[in-house]
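Letters are used for the chains, namely A, B and C, taken in the order the chains are written, and counting of residues starts over at 1 for each.
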Amino acid sequence: MKPLLTANNLSVQFGGLKAVNNVSFEVWPNEVFSLIGPNGAGKTTIFNLISGLYRPTSGFVTFEGEKISHLAPYEIARLGIARTFQNIELFEHATVLQNLLVGRHCHRHTNWFQDLLFTPRVRQTELQFRRTVEEVIEFLELQHYRDSMVAGLPYGVRKVVELGRALSMRPKLLLLDEPSSGLNVEETEDMGFWIEDIKHDLGITVIMVEHDMGLVSRVSDRVFALNQGEELALGTAAEVQAHPAVVEAYLGGADG
Amino acid sequence: MRFLFKTAYQQDIRLFKHGGQAFWYSALGLALLAAPFVLPDYWVSQLNFIWIYSIVSVGLMILVGFTGQVSIGHAAFLAMGAYTEAYLQGHGWPFALSLTFSALVAGITGVIVGLPALRVKGMYLAIATMAFGFIVEEGIARADSITGGNAGRMLGSLEVFGIPIDSELRMYFLTLIVLALVVLGVMNLLRSPTGRAFVAIRDSEISAQSMGINLARYKTIAFALSAAITGLAGALYAHKLRFLSPDQFTFLQSIELLIILVVGGVGSIYGAIFGAAFWIVVQQLIVLAKDWLPPAIGQQTGLQPTIFGLILVAFVLFEPMGLYGRWLKVRTFFQLFPFYRKGMFRRQKSYMKSERLK
Amino acid sequence: MLQFLQLIASGVAQGCIYGLIALGFVLIYKATETVNFAQGDLMMVGGFLGLTGTLALGLPFWAAFVAALAVMFFFGMALERAVLRPLLGQPAFTVVMATIGVGFLARGLVTMIPEWGTDTHVLPVPYKDEIVQVGGLVLSMEHLVVIAVTALLILGLYLLFKHTRIGIAMQATSQNQLAAFYMGIPVRRINMLIWGISAAVSACAGLLLAPITFVHANMGFIGLKAFPAAVVGGFGSIPGALVGGLIIGIVETLAGFYLPEGFKDIAAYIVVLVMLAVKPNGLFGENLRKKV
């Protein structure tokens, strides 16, 4: 079996700060791979490197065996990599339905001129898109919010909508940046179920940045711990949590 | 109150969401067709201006209201359309062809002006478009051989498919048809991936590109379409005025177009048309008021800018959703009667959101 | 060569005016992220106030000058309180449109004030038509005063921002309003003060420009050329505003002399387009990225 995504000696530097330093890992198809580490460890930076928002200073990322580090963010999305954001980046002044439909954008096969005339082909694609999106709505139980403006929704719901928008892409790889942040216990519980279902039922590989160790242990196949941009440990959730370097990073040195 | 039961996905795609809407729009359509036969010529002429301005503001709305890219140089596209039309007509091109070409020339200029939008945004982009507007204004004044320079340029009489457009009545139908087609096109865009991509770029560029939207491509399309529609309006404007000179396409004109959007309501096609209608009506009212008011006030040259300024400040402060927003509120009031609450449309108070970051 | 230097000198004087107006923009932009399209109109009102001070009230020029600055300072604060504060937190576009409205209002109302009206006025200054000769260079006193006053004003602002409590509070506010607010800085009052200072700076530009171009209701349109100046310098930078102003002033003067007619008026805009293509953040601009 070939890895779906690999990071190869990935480094990125902002001014003098090495945000990510020589990090390598492989993500296998249909696993949930979690990135953990204290604040400023470089987790989100790795996400931004994968999705093309940052360019690595050295090293590269491959997806399905192809190098992707030179591609623009929209090209990377078209390969089948979807993501969510730590602080929610939804299209605020559009309805939930419209947000999810934007997720289908990569799968369009009409151009702006056909759209202008709303040709039968456009209509057909729109209906197809809608069917896919309705499946996501059903999956995430968003029926109630379908026609609501995002700007008026509570935080927990927005988090789910963002997940839904990413799922509407029908991606091969899903990057979840702190899926549980800002959610209450019950909502976090739901998120856990959904991540499990995404893996088992939809067959989507997930890379997740997460602080809630309960959620991490519950859903992850493997966990990658980082500190100050460098690898600390890699293994199952239990292994990583017991790793002395990880304990030290989180709790400080034994003598400190 | 009306409850909509949706039974097919088609329903959300349709232009008219329910029978009531279809009924009222048909009624409006009939009224518009009958209007020029009933109204005096003077008012038909004003309606023609409204339709032309509506086309411009729908064009500008694509850019400002839907894609979130500010342009303070749109008068330049209007000028591009107008002068191209004047020039081509002077060389004997048939109207259908010259109109298309005018839109095309404006659209291509739009692509060029949109180039800075690929690198900068917000205020920087606004200033780039402003700079472009000034350069075009100066260019028109200097290119005597094509534009007639500061002396101006006359247009010949217009003929469309062999029908001479020699009365306000005929002009009315010409402008109305073009407006209807433009509105239809824009509504089509908005219910399809392209329009959603525009809105996505407006609301969050970061996540738009992470959803596979090519920012450069869609910004360029938005600029091109917006400019082309404005150019189309420019060509009609040229025939309406019959005489073109550079002082019709100034920086202030560009600003007025933006005011129309704010007054009408940014982010909706209704807003664009409401704003255009309001604008023309206010100008007529000012002209009327000049005769009514005591000369000490009525004859002031500063009357017009003062009223424009007051209207703009008042809308921004008290009705930021514009006339369309006001209409929504009134409609909701009656639909929910007697359950309307005062705070339903209240703006959220928030601290300054930084737009310096990209 | 001498002629070239002569042009540079008048370009610098013109550039100082642009620089001062740009400085007005930048102060407000840094503090509130609003671009004030009424800046040029504030300048115009300042010019008219100077006119009233000297002609109607019979004050000596420099007293009228200071009085006009003081009046504009309070006018700027009042403007912030009445129009801008209710819009705090609204999208930049909305706020910009409000300032455009204020500009229209100012232009319209000024023409309705008796004595001001739509006519072109001459502001009498004590240094009218005086000339200073340096080597072969002939410098007009009007230009020298512009340069000197600009230098003084910049020095004053520099000291204000660097060394006073209130200046440091202003700096903090411009970096992060919310954080400044939590640190107990009265952000709203600071914003008001910034608008006051900005209006006074513009009025200063208007008073300096008046002897060169006369005072009239539309003199504010010159403020539009300060936008390119601010962009060339980098919109958030105070020294940038001045340098940008000087560049625009000099380029414009040279273009007016060496290039065919018509280029003088658009030189500033060509420069800004080139700048945006080459270095969109301007000479002194900061490059910030949104974090996700």
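Just so we're on the same page, contacts are C-beta pairs under 8 Å (C-beta built on N, C-alpha and C of every residue); 3 or more make two chains touch, one makes a residue touch a chain.
These numbers were taken from a predicted model, which means no experiment stands behind them.
Taking B-C and A-B together, the pair of chains sharing more C-beta contacts is B-C. Using mean Cα coordinates as chain centres, the one most removed from chain A is C.
Geometrically, the chain at the heart of the complex, using CA-atom means, is B.
Once the centre of each chain is set as its mean CA position, chain A and chain C turn out to be 47 Å apart.
Centre-to-centre, using mean CA coordinates, chain B is 32 Å away from chain C. Distance between chain centres (mean CA atoms), chain A to chain B: 40 Å.
Annotation for chain C: residues touching 2 or more other chains are 292.
With touch defined as above, residues shared between interfaces to two or more other chains in chain A number as follows: 53, 85, 89. Residue positions 206 of chain B are each in touch with at least two other chains.
Considering their complex, residues 9-10, 12-13, 185, 188-189, 191-197, 199-200, 202-204, 206-215, 221, 225, 267 of chain B touch chain A.
On the side of chain A, the complex with chain B involves touching residues 51, 53, 72-74, 77-78, 82-83, 85, 89-94, 97-98, 101-106, 108, 110, 112, 115-118, 122-123, 125-127, 130-131, 134, 165, 169. Contact residues on chain B toward chain C in their complex (touch as defined above): 64, 70, 115-116, 119-120, 122-124, 126-128, 130-132, 134-135, 138, 141-142, 206, 251, 255, 258-259, 262, 266, 297, 300-313, 316-317, 320, 347, 349-358.
Here chain C touches chain B in the complex through residues 29, 32-33, 35, 83, 86-98, 100-112, 118, 177-178, 181, 217, 221, 224, 227-228, 231, 235-236, 262, 265-266, 268-270, 272-273, 276-277, 280, 288-292, going by the rule given at the top.
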